[in-house]
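Here subunit A shows up in two complexes: once beside subunit B, once beside subunit C.
Our next item is the complex of A and B:
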């Protein structure tokens, strides 16, 4: 009997294919990098991750070390990346603020090492013939939202500003093409973060957009690394952060806008006013990667909002979660420590 | 002689049936203790119990069970009735069988989830879509088993009906339905089993409530304990429903058991 008790865990380990990773190596064979992905399931994304992916910046950085880059793009976006972290399938990933916070509050052993984007724009679209002119009028209506993503948190905060909560509307979990199909079929009254190509085609109009909102209301994302990977390969993490900062710097230069829009357009979100919309942002602010006080306070306020509204069950101390060491070192090495203050 | 409880279920069988779940529970706890999987994914049994208690206290569980049960029962009544009626007609009329049978048999092989895009296109993503989806799930097992039962009614019973000069209603009520009842009840049990299995899929699209919705929402919020709680509740309700249907089956078919010399 004792023999069986000893054998059983080993057998289960073998059956489940658990990989025992050697702790003696000073560099990994592979870096498992999660990108935000998109609801359409295409291997493209926008923002800093989009530039890194399109220009193969990580591959170029680690080619001389023989480190392979394993890229993951999930149609399930942020919530899916949290699951991948929990399953031990990822070392590092950049994704939206809401799943960032939900994952950490749920017990994922991660460190927040960089800001991805500050204040991305989002919108609520309604039917062209709709009489709805304000967010308040959404009360009682059916709204398509990709639940668990940053768009849901953005919408929840916009509702609160307008005197409503998620309980006052019928929030349906729909993303990407499902939301578009349901909207066009007339099954829902509005879509949060809806496709602007629908607006171009005259199939929708914009009810609300966040361009003029204060930063506190807007969506953001962050780069997370697992505790284990950061402890084991701190130099590698610093180099990854460096690549991210280089991409952020490139994005902050207005002359790169046209090329960036070509990159982000690969996700399928092409629309005619993309450039006009993008240039409403202060690019230097938008792509500031620094984990400064404003960034930490912003995430803390969102984490507190999530706790107060029951999205997370544990309070989150963002100051303890954030690790500025990699970004500050990388900024210094790149001579950009005074570019973003 | 083994002891039997009020419903005729053997107590020894019940104890025997508990062995595997207990074994799974022990394996589960061992896996958690040895940290074979992340505790975030394979939550400890104690956490699951606490989550179930919290969900019950908050009222969420009741609301979602009621919402899901309504969908399952509605889907069963619509799909099951259609399956029963069509199954009887196909069983007693070779013309109907030849006329509509090939189409029905072809459709039977289409996986339930393959219907979903078509259903969404036709009915949108509202409550009707879920009910239609579940109705299709209920339709085929009852249709198929009713058809088998009715077409398999022994010739001697049919001749008996002719001797007694039974007209259509009495022929159905006295001969066809009672004879086909064991097969129909098998269809009902299969149908309920399928409906609870596909409930999560039905509630995946644009739901606001229900156990499937609760599980999806738990997943989005990285609350795997809520997902597992949903699994346990669905499994338990499915088991309970099968158990109750078993009792009803024994009650309805008691004449057959007596006739065949079976003990109640």
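Our next item is the complex of A and C:
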């Protein structure tokens, strides 16, 4: 008995030591970060993620902690990143509003912690000889759309604004080169997100562009983190958010436009088109990362639209999903709390 | 005094204004420092005539290089073509456990298959494409000569539009193709971790899934599409085939046709549901009647029938499949002149469990944009229980094979498979343990 009494405190001390050690190591060995990939198959992306990647901002931020950054660029973009979240392969990822919303409504345990970009643009192109001059005239026509992407949601909303629904047109699920080939062959009447190169070549004309539309109609990106990671490593998440905000601030400065176009050009887009589109934006608005009321209302409206149109089966309460705590703390730390107000 | 006070107030306001202005433009030095301010070229800087000539020159060189390569080095086809193929290198060892000392081992001859696939007519409007498949396989025979035979050789047409994932599909295939009876024939590698197929499906069993010449309809109904994950699953999949029944590369020998049907019910759920990957299938196969004789010279026609059930739950990383098949074959009851027709019933089943440590079976995750030749390394241990009873009315004539194995996926089209099987064949009192180590690689 005496022996046990002597051993017990030693055992308790040892256990406490282990506990202390485990608390001291309460940081991840690796941060698994997901980005939208690209058709070229190279590890590059655009937007805030593009700047973070190009300038190795995460690696710099976490070098002193010995935390490795594992970057995953998925060519399958939003659906692929949702699959990776569902399979427990990512901690954090930034991608489009539509897959953000559909993934969460489908059961993914994520928190929406930052806005990636506001006001992504898209366009509808039609044949140059066509008499179509308004979206209303698309009724009954064959339209090429990449289903499952934010462009589908954008198009669906544009139709509603013009008194139509997806059921009033013949939507064909066509992506990239397939859509272009079908359009040039005359098999379809319009393409959503059609290339400006076709317009330059005289093979198409622009029917509709979103760059003058209100923000509520345009595309957005969101940064999501898994609930488990956010709960376990709140300080790490705040620092990741801080890096994102630094990149957003850099993007909002007009003097960095040329360098950004070089960064985004690595994803394989046409430089001339990207530049033309980019210069139409108010950069400070475009790169505003705040989870403000406008951002939450925007996502809520889109989630409601998705539910009403059968894209998601469960209603989504965006206010509950959004977690401002990281971004507000990071903005304050960076002295940017008034910059985007 | 008043002037001094006023000056101080104005100075104060100016200073405050300046501070707030600075806070607006450069809020924190850290922000600027952390994002390096490399010398950025001015966006509107014009290019010179010399720059333009340089670009034109580069384009001309590229154009010439491409034209020359197309002319001299690049193979051309009349229509689109995708060439693929697979082969394997195998080492096997056999130990007869009830015959001490008997042991065989060695490197096994390889078989090679090559497949050509392409499009004959593309329908941009609705995706009702006309496609073709032509494949060959070559394998060594006992006389060490190669045996090259056509495998798949069929034309395929989509009867329904394929552009919209939310619509059902229906495809017609005409020519030499696989008979899709049960999981064994209709499934991909995702549901079949074992090198050898189930005994009941093979040549010594019911011979369920060889190739045959005929017409086959494949389709599905009521698809569930989870756009957020790029996932589509139909509630019902169905297959209906009519074949010669003579087998691959053989002309028809009679007027009867073999008929095959299969229906599969999948759980109509989204990607993130725990029921994703749950399926129930039923198959039947009705070969044409065959000539039967006995030693006493009796002649007649005997009927055959096969049916099966299967269940699978495959949702990475876990997988479970179970399949059961029954055969009924008419023959003469004995070898005397008074023999009557009787039916022999045979049956077999398999149970397979597997688990994937890795991302081999996550289709989207594999499509990574990377600079290297990356592939998700995946380890898949499995166990399969396989039983075949050639005549259910005879006791102790069944064969049992338990296979333990490991698949290692380490490159896009290459896997190492290690299978260790324990076979107990009661009909011939054969007990053997087999070890097969195989590299399977395709292009």
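The rule we apply is simple: the second predicted complex is superposed on the first by the 307 of 341 C-alpha atoms of A that agree within 3 Å, B and C clash if a C-alpha of one lies under 4 Å from a C-alpha of the other, contacts with A are read in each partner's own complex, and residues count from 1 in each chain.
FYI, a contact is a pair of C-beta atoms (placed from the backbone, for glycine too) under 8 Å apart; a residue touches a chain by one contact, two chains touch by 3 or more.
None of these values were measured; they are calculated from a predicted model.
After superposition onto subunit A, the modelled positions of subunit B and subunit C overlap sterically. In the superposed model, A:168 lies in contact with neither subunit B nor subunit C. Of the two partner chains placed around the shared chain by superposition, subunit B and subunit C are both touched by A:148. Taking subunit B and subunit C in turn and counting the residues of subunit A each one touches, the greater count comes from C.
Of the two partner chains, subunit C is the only one that A:37 touches; subunit B does not reach it.
When both complexes are overlaid on chain A, the residue A:182 reaches subunit B and subunit C alike. Once chain A of one complex is fitted onto chain A of the other, the partner contacts of A:311 extend to both subunit B and subunit C. In the superposition on chain A, contact of A:60 is made with subunit C only, not with subunit B. Contacts of A:213 after superposition on the shared chain: neither subunit B nor subunit C is touched. In the superposition on chain A, contact is made by A:89 with subunit C only, not with subunit B.
In the overlay built on chain A, none of the stretches 3-11, 93-101 or 111-119 of subunit C clash with subunit B except 111-119. Subunit A uses residues 79, 82-83, 86-87, 99, 102-103, 106-108, 142, 147-148, 171-174, 178, 181-182, 185, 187-188, 311-313 to touch subunit B in one structure and subunit C in the other. Against subunit A, the residues of subunit B that register as touching in their complex are 30-31, 34, 36-41, 120-121, 124-126, 205-208, 213, 216-217, 219-224.
Looking at the complex, you find that subunit A touches subunit B at residues 8-9, 12-13, 16, 18, 79, 82-83, 86-88, 99, 102-103, 106-108, 142, 144, 147-148, 170-174, 178, 181-182, 185-188, 311-313. Every residue of subunit A that touches subunit C in the complex is listed here, in rising order: 37-38, 40-44, 51, 55, 57, 60-61, 72-76, 78-80, 82-84, 86-87, 89, 98-99, 101-103, 105-108, 142, 147-148, 152, 171-174, 178, 181-182, 185, 187-188, 243, 245-247, 249-250, 255-259, 261, 275, 311-313, 334-336, 338-339.
Residues 23-24, 27-28, 30-32, 34-36, 38, 40-43, 123-126, 163-165, 226-231, 270-273, 316, 359, 362-365, 367-371 of subunit C are the ones that touch subunit A when the two sit in their complex.
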